[in-house]
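See structure below.
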Amino acid sequence: MRDEIAPLLDVVDLHTVFQTRGGDVHAVNSVSFSVAPGELLGVVGESGSGKSVTMMSLMGLLPSSARVEAQAVNFEGRNIRDMSDDALRVLRGRDVGFVFQDPMTSLNPVFTVGYQLTEALRTHLGKSKKEARARAAEMLSLVGIPDAKARLNDYPHQFSGGMRQRVMIAMALACDPKLLIADEPTTALDVTIQAQILELVKGLRQKMGMGIVWITHDLGVVAGIADRVMVMYGGQIVEQAPVKELFANPQHPYTIALLETLPSLTGERPERLRSIDGQPPILGAKLTSCPFAARCRQVMDRCHRENPTRREVKAGHDVACWWDATQGGAA
Amino acid sequence: MSDTSLQEMPKASSLSRDVWNQFRVHRGAMAGLVIFTLIVLAVIFGPMIHTVDPGFMNIRLRNAPPSWANPMGTDNLGRDIFAQVLQGGRVSLAVGITAMLLALFLGALIGVLAGYYKRLDGPLMRFTDLFLALPLLPLLLVIIMLFRDTLRQAFGPETGIFFLIVFIIGITSWMQTARIVRGDVLALKEREFVLAARSIGTPSRRIILRHILPNVISPIMVSATLGVANAIITESALSFLGLGFPPDFPTWGRLLFDGKDFLTLTPERVFWPGLAISLTVLSVNYIGDGLRDALDPHIRGR
Amino acid sequence: MLNFTIRRLMFAIPTLLVISFIIFAILDLAPGDPTASLPMTVPPEVRAQIRSTLGLDEPFIIRYFLWLKQFMITEPLNLIESSFGITIGEGDRLRLTSWATRSPVVDLIAERMPQTLWVVGMSQIIAVLIAVPIGVISAYKQYSWIDQLGTLFSMIGFSVPTFFTGLLFIVIFSVNLGWFPSIYDTNHVVEDWDSFVFQIKQMIMPTMVLALFTAAQISRYMRASMLDNLNQDYVRTARAKGLKEQTVLLVHVLRNSMIPVVTVIALNIPTIFGGAIITEQIFRVNGIGQLLITGIVGADIPLVQTLTFIFAALIVLFNLIADILYGMLDPRIRYE
Amino acid sequence: MRDDVEGKPLVEVRNLKMYFPIYKGILRRQVGQVKAVDDVSFTVHEGETLGLVGESGCGKSTCGRAILRLYDPTDGSVILDGTDIASLNTDDLRQMRTDMQMIFQDPQASLNPKMTVERIISEPLIEHRKGMSAKERSDRVGELMDAVGLNRTFANRYPHEFSGGQRQRIGIARALALSPRFIVCDEPIAALDVSIQAQVVNLLEDLQQKMGLTYLFISHDLSMVRHLATRVAVMYLGQIMELAPSGQLYSDPKHPYTKALLSAVPEPDPREESRRDRIILQGDVPSPANPPTGCNFCTRCPVAQPLCHQVSPDWREIEPGRFVSCHFAE
Amino acid sequence: ERASDGQLNIIYWQAPSLLNPYLSGGTKELEAASLVIEPLARYNEVGQMVPFLVDEIPTVENGGVSEDLTTITWKISDGITWSDGTPLTAEDAIFTWQYCTHPEGGCAQATNFSDVESMEALDSQTLKITFSVPKPFPYGPFVGAQSPIIQKAQFENCVGTLAVTCSDENFAPIGTGPFVVTDFKANDVATFAANENYRDPNKPAFATVNFKGGGDAASAARSVLETGEFDYAWNLQVEPEILTAMEAAGRGEIISAFGTSVERLMVNFTNPDPALGDERATVAHPHPFLTDTAVTRAMSIAIDREILVIAGYGSAGQETCNVLPAPAAFASPNNEWCKNYDPDEANRILDEAGWEMQSDGVRAKDGVRLSVLYQTSTNSVRQGTQALIKQMWEAIGIETELRNIDASVFFGGDQSSPDTFQKFFADIEMYTNNFDGTDPEAYMGNWTCAEIPSPDNAWLGMNMPRFCSEEYDALAAELSGTAALEERARIAIAMNDMLMNAGAIIPLIHRGGVSARANSLEGVLMNEWDSELWNAADWTRSN
């Protein structure tokens, strides 16, 4: 890899296929990426582009109808694919923390927040009940919940959405993971609450220094916190670049279109919003063409025949597209 | 925007065809349907092939083991069991299905009304409690006493009793359905599409028919399955108490009941009616499963 | 919650009054006569006289209010007196008496309670113990052979009436194998190990017959409820925490799935008190169910009225308890 | 109203209150109210889009629903074209429904999963256009599907077979079926993907131009509202904090809440982002059942003064067409 | 030797509800109580009176009965004590009479004391009963299981309306019999122990008795014959082949005895058509065809009674053509024709009487179809019989519709129910009746005109066929004034024959009681004239 530091997570050629009654769904196709320690990788893409499935494939959280294949998924140099179920389980709880999209349904409604927070601590760190509770209270106050100790005995429904998301974050961070995977953690929240959480994560990252994968489809959020951004479409990574580079110099027509669709709070008010017409691809079979071809403004013959491979535009910026944005023609 | 050249509106595809297509791929449901159809065909056409009169008693040939003439043997009065099972199936199936339909209708009606109209909820649920609490047997005696002769005159002894039994079973077994449906309706009524219908100006009556009912079909389906079994068994209990069909009128439940004391003597007497009931219930259950899936567009599309 | 409970209890009073009236009226209308079981040699005049001494000549309304007074006031007072050994007002109130046995109905019921609670209660417990694992496994392994087997079991359990299973059990286990007694000894007292073993032996068959039937139903509910919960997001969260699959299933999912099932079970409890009429009859576990059936057959109206009313009251009460349980088990629901 | 930028007023909302009673105790006595909408007044002009923004739970939907009389308002009046909707009887209300419609937030939840697209779109026609033959109705459905950019061949499909954007189009087609004049759009894009949001917003704009529709556009996406709305009202805890023409509100917010809200919106531009200083509001929104005394925003307001905790500010017009509810805005 | 044979297990599938036969005259209560309380004399297994608490039976010959047949004097044996040790006196018997005849007591056995004018204790052991009319058969009071003596000391405070408040007494009467009650659970189980003060010091052989009730007849039989859990099971009305199969297990045997029970068809002489409203089934409207003796005669000979016996009764049933089949002296020999199953003859009779076969297989005359509604109480043997008879009748062109009614309704006198056997809203009904003891006077009196049930007498009355004949009524009056046994038999036979010839009753089966006893139980003498447990004191266990 390009990075000097050994990557925390290194994924090579990941494929995930769902077997459903209606046939196979190729949800993730040949995805490779890596996350360095302390790095925040933003993952963007429209709904159904395979963001969540990619992350869940890594940690074995998918239902049994999913088949995951990968050349290698290395976590700190160890290949997860070779691990036993138990080892993976331990990794999941201790070294990798997950925060899920919907804080309303991701907490078990019938257990107290305290119970849910201490569960992982007791399983993985073997802490006693008391220790675990102390740590849980500590975590809760860390994520900014006042009166944390008392609130351990509350049930999830007694928390507001933003607080619940904080509980989720506290839960994910409880065992001091090396990697945090956050799957659209703020999508369901209000802007003011979202701002609170983003501030919180920024702070925590500095304090704890872990690698973070932040999934979202809000480019604004990415712009605010990510170091590097990965754009997904149709189960593939179509572009990957440091955040400033990506916004300044997008290469893939999809990235460009995505940036254009967004209305802005400042500046000119366009008469019409640009939109990406058409439908996302149906992932029924292995891709033999560019998944974006049908909606692409720069589509070429080749796009329909061959699925582009990733090419490097600049150091740390690569794109999977036959069209070359800098030259305005085929690459 | 994509060009909106004028395409033809497609012919409204028939719902039944969609449902059938989905139903067909459900293996259990198909198996259930085949077995159920076989049972129905057997009880309808069986007596035409196996022409022995189910009521004919040949006392010299009592408790006979199965033979060519009596494939399931004979009972203690020398009646052919096979013929009785076939004949009894007609009644049992008819009672089971109609009583189930009646119970379902009542249960769904009361459940929907209670769930949808907040005002009716309390009274209707207490009404349900009342029915749950009513002593069944004395109630039956009262109903029989009040209506039997009128019905007998109007429809003849067998049809009259048929109506009565269906009515009795129906009105005493709707309560579970009502409770379940009410719960679902309460949740459903908060869904936005109901609000959408109101914003259009659809009156409550049609909201219920168009939006609520089709969405509670799945719990209703489950009740239906259990309802058939329940009705068949209840009918046998009624017959035994002398509240059912005339005593020489076979039904599956009754055959099972009458045969139980002969368990060691002529086991086929209880085996066949028992098997018939179980198979019916089982096949209806699988058909119900399949129908529920097939009626759900989510699954259908997949 | 407390308010909700009190309010529902208050609503229960008029409901029960209406129910009591309807029950009374139906039983009164129902044909059947306490003298029907007398031999035919007893001439009609004597029968008529017996009827009049039973108070059958009084007008309906008077009998209703008398019954209501006896049931609502006299019997509770007697209960208080006998349990605290005190006397309130006049000692000899006219108690609610059964026509057939000429003894207080409440005593009869109290005498029957232990058997019913033992056998029917135990069967419900066993039913739950059978049904929950079946439901859990069939849901976890949906559409596997084990699931299909579970379905088969529950459908057969539901479609074969208890009068038949009971008899089958007797023929197999009492007649052929001689393992268990076919008749329940209600006088049996457990005082040492042997008598305990006997008690277990005589309970096995009736308990199992009932348990199979009930388990068949509960396992269906359990399965459906498990299926609902297995797809919830919090299950994924639990897995992401690195919990063992077992913990995920048996702690997180089961706890949630039990909520609706527990209410179903609660609603089933009145049947425990109501007894299992047919099963009690088959094995002669002379409990409440058997009492009810003798009452009905012998047209012992005060007995039947009282029993059905108690039964009705239990149904109303357990409906309420089911609601409250729901609120207690599910912290999201708080009745106001 | 003096602000006659666009045209004559179509909908006038006057002192609208929507309280949900809270019952408690053994006798179910009413012990309080959820003041979901608490004394709200504004006007929607013919042909304009009035944006209504605010955090979750602040009463936006309730307001929209009360205006359409999907809830019976506790107090106040809603005058649509001279008729007070708030006090109509059921039958007249049904007639009025052809003039006012609603588009819902969750395209999945607002479509009956057991009905085909055709049946969904034709439902209002069945209810209100009794004279229509089946053929005419089917043609009309076709037109509507064309109008919202749905392929006519999809008519027999079920909602779950569509993408979110397409589903929302179905909802829009249903709302348009009776050619209404006023549509309440209750967060029509909140559940949609970014790339699809733009499609729907464009569609709404096109339709407005073509049919002269008037929108009340409820959203919490401030950038979308900026794009779409002529004027914007900012709601907080059942009350409108600020109402201003869109341009002015975004460039020069007067109310501290508006300011905080605007600053919280992330900008899709890393350079811009790193330069902004956010106003991070502390704490959560108070319960509408128990709003603070004084100004509703005082508990979270970064510039709150003692006065704010005592006296609730008036709804005042500080500049022509700009209304604020704050003691210290000028 | 007393109490040396352990426990005796008895199962009655109907459980006794109390042990005071005066408050509930059901057979199950009578029999359970007979272990404890006793009459002065009982009937033995062949229907003869045997002294129990007396030394001899009073007769006119030995001077115990007065010449004018109005008094009878009983002399209680010496040394008879209650189980509490106090002596049995004539006062107890007098108290029993007062107890039962108290107008508010609701006594079920009041008929046993009918016409008793007074009772007096001549001395503590001598009881003189005076009747208001001459009693040719003065053995109603204190003879047989129906009128045992209860203890005055125990029941003194339970007379009249107080009777119901005495549940302790009603559940555990003190008696002179071989056993005393130790525990009683109503409708469930009673336990007894050997009576320490029983008059015969060597009896009873059993130390305790477990008297269990409930369930059904087949399973009661199973518990004696197959599982061996019980020693004695009562009244096994089960299809005979089931019993035979159970008996094959070798643990016990079926025993039966005949009394006076006859399973019979009652023929409705009045029209039950519902269209008649209030006058339905009253003498105002004769039946359209059942009054035709040709029809009833044909119906009778078209029934193959032998088959009925085989299918439903086995050794516990005999074909009979008399409604009064026993005691032997009272049985008519004149009606044997009915045993001769002859459908051809039946067809001939009907043809001759003008009932012509129609195309639908049903006979009719003048538009009246031979179509009958045939009702009985619910019971599997009865339903079998019903089905068989239906087939036999349909073979001769009589259309038959069957109906079964719950016994508590059918035999209950509920005014509001249309289904009671007294209202008889059907054409034919079937049930069993018998009489207590050996004297048929009251029984034969059932078919007098006065006994016809109708709305006027609230449907009370036992003359179900609504048979009415002056001649018959005259014979009934004559019977009640005749003392000589042969003469009484002649009159009774004449009355029986009259009913047969009129076709009012079609007797089917002379039914015996069927019980089962375990092989190890000895001394059982099956008795249909008294309690089956009449000689339980003599029962022993063999090893």
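Before moving on, here are some points about what is shown:
In this document, chain identifiers A, B, C, D and E correspond to the written order of the chains, with residue numbering beginning at 1 in each.
Note that a residue touches a chain if its C-beta (ideal position, glycine included) is under 8 Å from a C-beta of that chain, and two chains touch if they have at least 3 such contacts.
Listed by chain with UniProt protein names: B, C = Peptide/nickel transport system permease protein; D = Oligopeptide transport system ATP-binding protein.
These numbers were taken from a predicted model, which means no experiment stands behind them.
Looking at subunit C and subunit E, the chains that touch each of them are B. Distances between chain centres, each the mean of the C-alpha atoms, put E farthest from subunit A. Here the CA centre of subunit A is 54 Å from the CA centre of subunit C. Inter-chain spacing, taken between the CA centroids of subunit B and subunit D, is 48 Å. Chain centres here are Cα means. That of subunit A falls 52 Å from that of subunit B.
Taken residue by residue, subunit C touches two or more other chains at 29, 31-32, 167, 175, 296, whereas all remaining positions touch fewer. Counting partner chains per residue, subunit B shows two or more touched chains at residues 1-2, 141, 145, 261, 264, 301.
Along subunit E, residues 406, 409, 416-417, 419 each make contact with two or more other chains. On the side of subunit B, the complex with subunit E involves touching residues 55-57, 59, 62-63, 76-77, 141, 145, 149, 153, 157, 240-243, 246-248, 258, 261-262, 264-265. Residues 218, 238-239, 241-242, 245, 274, 307, 310-311, 377-378, 380, 383-384, 386-388, 390-391, 401-406, 409, 416-419 of subunit E touch subunit B in their complex.
Residues 55-56, 163-164, 193-199, 201-202, 205, 220, 222-224, 226-227, 247, 250, 260-273, 278, 280-281, 284-285 of subunit D touch subunit A in their complex.
For subunit D in complex with subunit B, the residues that touch the partner chain are 65, 68, 70, 93-94, 97-98, 101-102, 104-106, 109-116, 118, 123-124, 127-128, 138-139, 141-142, 146-147, 149, 151-153, 155-156, 158-161, 171, 174, 178, 202, 206.
Considering their complex, residues 46-47, 160-163, 190-196, 198-199, 217-224, 243-244, 247, 257-259, 261-266, 269-270, 272-277, 279-280 of subunit A touch subunit D.
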